[in-house]
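Chain IDs A, B, C and D follow the sequence of writing; residue 1 opens each chain.
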Amino acid sequence: MSSGSSIFRRRMVAGAAALAAAVALSACGAKTDAGGSSDKAAKADTSGDTVKVGLLNSLSGTMAISEVTVRDSLKLAIDEINAKGGVLGKKIQPISEDGASDWPTFAEKASKLIREDRVVATFGCWTSASRKAVKPVFEKNKSLLFYPVQYEGLEESPYIFYTGATTNQQIVPALDYLKNQGKKSIYLVGSDYVFPRTANKIIKAYAKANGMKVLGEDYAPLGSTEFSTIANKVKASKADAVFNTLNGDSNVAFFKEYKSAGLTATSMPVVSVSIAEEEVKSIGSQYLAGQLTAWNYYQTTAGAANTEFVKAYKAKYGQGKPTSDPMEAAYTSVYLWKAMVEKAGSFDPEKVKAASDGITFDAPEGKVTVDGASQHIYKTARIGKIGTDGLIEQVWDSGKAIKPDPYLKGYDWASGLS
Amino acid sequence: MSELSGLRIRQLRVSFDGFKAVDGVDLDVQPGDLRFLIGPNGAGKTTLVDAVTGLVKAEGSVLFGDEELLGRSVHKIARSGIGRTFQTATVFEELTVLQNLDIAAGAGRGMLTMLRRRKDVPESVARALETVGLAELADSPAGTLAHGQKQWLEIGMLLVQDVRLLLLDEPVAGMSHDERQATGELLERISEERTVVVIEHDMDFMRSFARSVSVLHAGKVLSEGTVAEVQADRRVQEVYLGHAAAGDVLDTAAAPAAVQEA
Amino acid sequence: MTDSRMPLLTRIPLVKGHSARARAGFAAAAVALFGLAPLALSDFRLGLLAKYLCTAMVAVGICLAWGRGGLLTLGQGVFFGLGGYAMAMHLKIADAGPGNLPDFMQLYGTATELPWWWQPFANPLFALAATVLLPMLVAALLGSFIFRRRVKGAYFAILSQALTAAFAIWLIGQQATTGGTNGLTDIQGFFGYDLNDPVNQRMVYFVIAAALLLLMALARQLIHSRYGELLVAVRDSEERVRFLGYDPANVKLVAYVVAAGMAGLAGALFVPAVGIISPAMIGIVPSIEFVIGAAVGGRASLVGAVLGAIGVAWAKTALSEEFPAAWTYFQGLLFIVALAFLPGGLASLVGMVRRRRAARASEEPSPALPVGEAA
Amino acid sequence: MTVILGQTFTGISIGAVLLLIALGLSLTFGQMNVINMAHGEFIMAGAYTTYVLQKSITSAGLSLLIALPVAFLVAGALGALLEWLLIRRLYLRPLDTLLVTWGVSLMLQQLARDIFGAPNVQTRAPDLLTGNITLIGGDDPLTVANSRLFILGLAIAAVVALSLTLRMTSLGRRIRGVVQNRDLAEVSGISTERVDRTAFFIGSGLAGVAGVALTLVGPIGPTMGTNIIIDAFLVIVVGGIGQLKGTVIVAFVLGVLQSVLEYSTTVSVAKVLVLVGIVAFLQWRPQGLYTLRTRSLV
């Protein structure tokens, strides 16, 4: 008995010591909060020759494929700005954090960037879920996030600038295009998450008001790669077109199945809103040629600013790397932030916000303007057709930059949506 | 100590995918008997014990006292006072001898007792430790016991379980001569208060300790009686004892298997 | 048939503990958690530690179910999620205020009032009880089916993994009422306390630390009770236990249900600590990550499992920040090394060193403890 | 009517994919009673083999045909290596094996990412396999995709080849001997070590073949294995250990069930329902559809 208990005691003591060590480990690199605990908003550090900005992207996990390209193009913009002297005379020092495709991790890393690294602004996030996860963190700490991806709208956070398209700059124009092409019925296919479900809600409202029929609506779990049943249903519906909000791997399986079912871009075109140049590369133009996409930017978009952007990107990351809409929006977001800071003459988030309205930038997609009220930007909608060479050729654009309307207040048919 | 009960098996049949492992066995074991079941490999001995203890499904009838066992689940049969051992000693190797016995003693314990710590050694456990001669090793992990000691521990577990019928599957396989002798004497003592059935290939051991013997062959009872009666049975000699060497072969074959699995 | 006689390597003797000494150990842990950590760590790091401690709470249950009971549950995410959602549902209702719908329902849903299955969670007592009881109830239902039919070993592991996948898919599919992939986010208050206030965040940390110690004490009591001995017996030879007159299904069920309750509590406390619960915490990958911590530290050792869970969670934060690719290799290596070559986890290293030292000190062979792998 | 027939065909084609994935798994699970979580990554290895071969062989059809045996060898070699390095050391520890092979699968995925990049890669399918044939013409035609027919044919061929190997060759007899009674097999002079490794080689090789087939219908990327492997495990669990017929029947039944439920509900609900069905099934047959009876007691 007694020998047993002494062993146990030593074990517990050792355990406690180890626990203490673990605690010390997690303290590594920790800085104590200077301002004390009552200070709610962490103050960004602008005292030195450099200012830190956060880059918050998934560098691992399922979303890494897409988000790494965004991080790369953010770095490109930062390098360019630093080469030309920085912002307000200070060099930008990017702090890159991995959101690991996991929403709580995004929240944790956002918090770290703001409170530990004291960044002046953060760029990143891709999925709506990750944006929703970090939104309270940025609001709580009164720090700015620049979000570069097209999304489902219905959001205006005072501390987020949205440089990707909201629904009235991507989905609604795409529907207008289909309507003008004489498509009377559509079938909705999407991955099972927030963006497709919300987008489809808007599409259904639009269809109802515009005399289009929605013949079916199917969602596949994210990562799902078995699409034979959905292809059957789509085929049986005999719709005029398919509106596709699938994400990632699912697109590959869907288009392979689509072609196998004998459906083609001429018999039943598919409009996709999540397929950019990079995705085309991984699916294969064999399956995609002739299908449509809706974005605000393509690698082929005309203009000197884009030629330069594509050239710079390829020079930095390799000739084989295509540029895409979210990458362009991310690149643009850094320049927009720079312009706001310079106009405000300060890195202070409140002053930057106040200075944001009307800021313009000659972006690769064309001239963009910040709408200070919604903190979204004016963007031109573009419909593209995927060519046999894997590039996307613009077949239609909205002519002018569309004013962002995240809550679709300007559209009567959308009044019941939120 | 509870009252002695006997075992009464009628027309027991067990088949595996058409193969009749036990094919209409009638068997009576009197209360307090020390019965040996012998027979060549594949005769159905172990399957018979499996059927009685609920491990395999069987047809027919198995009465213990006047309780019908067939159709009950394994642990319910165990609770009605029947315990068994396996060809390979299966004790809980990571628990101590004492803990092994304590678990065996505890099937009837209530929730509260279970959730508390063992404060002292229950009396039945202490007695069993003495009976099987493992008192010295009470705090050793069972995994460190020698092969023979594990078999004794298993028997001890049946004692604290307070079973009225012990079914032992080759308890002396792999034991030294002295250990066999000790085990045999232990079984004799136990059978004063309980009914014991032993499956055994060791003919010497059988001859020394069996009170009665049943010979199984091809899923049926071939012969039954005292050692002398069975030995005198021509049919038994033919299928089994007749091949003089058969018993020896079986003995030596059993040994390495036991060692390997220990 | 499968692995009821898994020759385990976790040859850690069941030590007869002395509760006074154990209390000293717990006191030391309490000092570390309540004294040292808050002093040494910034608010941000303390928040991280709170998150790690939540995974450690799950590890306590895994230690019991897997380390002691041999039930490799690759589905703890289900119970973590149930607890987390139960808590978050209440907090969302409370945030919205009486008569209002939680924000995401207004965005994605069409309902004008709370779905019926949300309504009970408006009651704080119901929600609190549900965080623990709901996972336990689900585990009891599942377990009584699964164990009674003797689904075990790898079958059980695969089934539990499939269940967690199914649960995550279901949650995601119900966007209007569960928030879909987003989960329940933007949680502001915790029973009247503003979670944005760092002081309250600290309080949440203390609650979590206290809960962890409580669960460890509970698990320790169970492990050292007669039940704990029986559980090990069931792990090592289920059939044998059955022949002793026990129903092993019940023995396993208790461990499974308790582990589920612990995961549920962990999930519930994760919500105020991180401010979000989402299906990302529930699927196959997070469920298996709960297991790896316990495996590295030592699945059968309570302290080992807890430290392993904290250590792995910390390593994930630290390494994935700098080297995301290397982290994946490292994680893979952890699985391989911990399970193939050090199945008792780090705790078994401590044991080995101690035995060697004891042997040297007494110049006698060490007490007969079988070391290494059988068979 | 066409819908019902169409969904049945779809189900059979889903089942064929499942079967092809699960076939090798069934062999390794039956052989050593271990769940190999890295099986999905062997499938991935097969798919990447196709991709690499297409870089040097431009004809899509020819490269696909060559990829079949090459992928078998590549994945088989990986499997044998895994068996030799790790799994044989974990004999009788199925749960540890499961987690260890999960670790291996993580590392293999990352390796693929480092070699081929994180994004999916594309392969070209031969034109013959991207079309379809019409079974019932008319207004509501019933068509079957050629790629699916190819996979069905491949799955049947694999089953036939495997079962002939198991029945007719001495290797097969040795494998079956070990599956039924390892100790006895060992005592009778069979080198169980060599049989184990060979079985693992064949089982993993079949995963490679499945990977080649999957390039026709799904994405080719580092995570392609994990996305489909759980379904394959369920096939094995429900089918039972060590018997091909269980795997074959269950793969097709699950495929049809999945496709019918998907059609009548949604994909998510179908997945959940199938799982609930599996739990219910295991209540009825806890060891799966078919089990080998052995006389081992514990």
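Keep in mind that, in the parts below, a contact is a pair of C-beta atoms (placed from the backbone, for glycine too) under 8 Å apart; a residue touches a chain by one contact, two chains touch by 3 or more.
Worth saying up front: this structure is predicted, and the values here are computed from it rather than measured.
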Least hop count linking chain C to chain D through chains in contact: 1
Chain whose mean Cα position lies farthest from chain A: B
Interface with more contacting C-beta pairs, comparing A-C to B-C: A-C
Whole-Å gap between the CA centroids of chain A and chain B: 70
Distance between chain centroids, defined by C-alpha means - chain A, chain C (Å): 33
Centre-to-centre distance between chain C and chain B (centres being mean Cα positions), rounded to whole Å: 42
Centroid distance [mean C-alpha coordinates] between chain D and chain A, Å: 36
Where chain D touches two or more other chains, by residue: 266, 268, 271, 297-298
Residue list for chain A, restricted to those that touch at least two other chains: 64, 192, 219, 221
Residue numbers of chain C (touch at least two other chains): 5, 8, 169, 172-173, 237, 239-240, 325, 328
Contact footprint of chain D on chain C as seen in their complex: 1-9, 66, 70, 72, 142, 145-146, 149-151, 153-155, 157-159, 161-163, 165-166, 169-170, 172-173, 237, 239-240, 284, 288, 291-292, 295, 325, 328-329, 331-336, 339-340, 343, 375
In the complex, chain C residues that touch chain B: 5, 8, 10-11, 13-14, 221-222, 224-227, 229-230, 232-233, 236-237, 239-248, 368-370
Complex contacts: residues of chain D adjacent to chain A: 3, 6-7, 10, 13-14, 17, 118-125, 130-132, 140, 143, 145-148, 216-221, 223-224, 227-228, 258-259, 262-263, 266-268, 271
Residues of chain C defined as touching chain A within the complex: 15-18, 21-22, 24-26, 28-29, 31-33, 36-37, 40-45, 47-49, 51-52, 106-108, 169, 172-173, 175, 180-183, 185-188, 196-199, 202, 274-276, 278, 280-281, 303, 306-307, 310-311, 314, 317-318, 320-321, 324-325, 327-328, 350, 354
Residues of chain A touching chain D in the complex: 62, 64-65, 68, 192, 218-221, 223-226, 228-230, 232-233, 236, 249, 252-253, 256-257, 259-262, 278, 281-284, 286-287
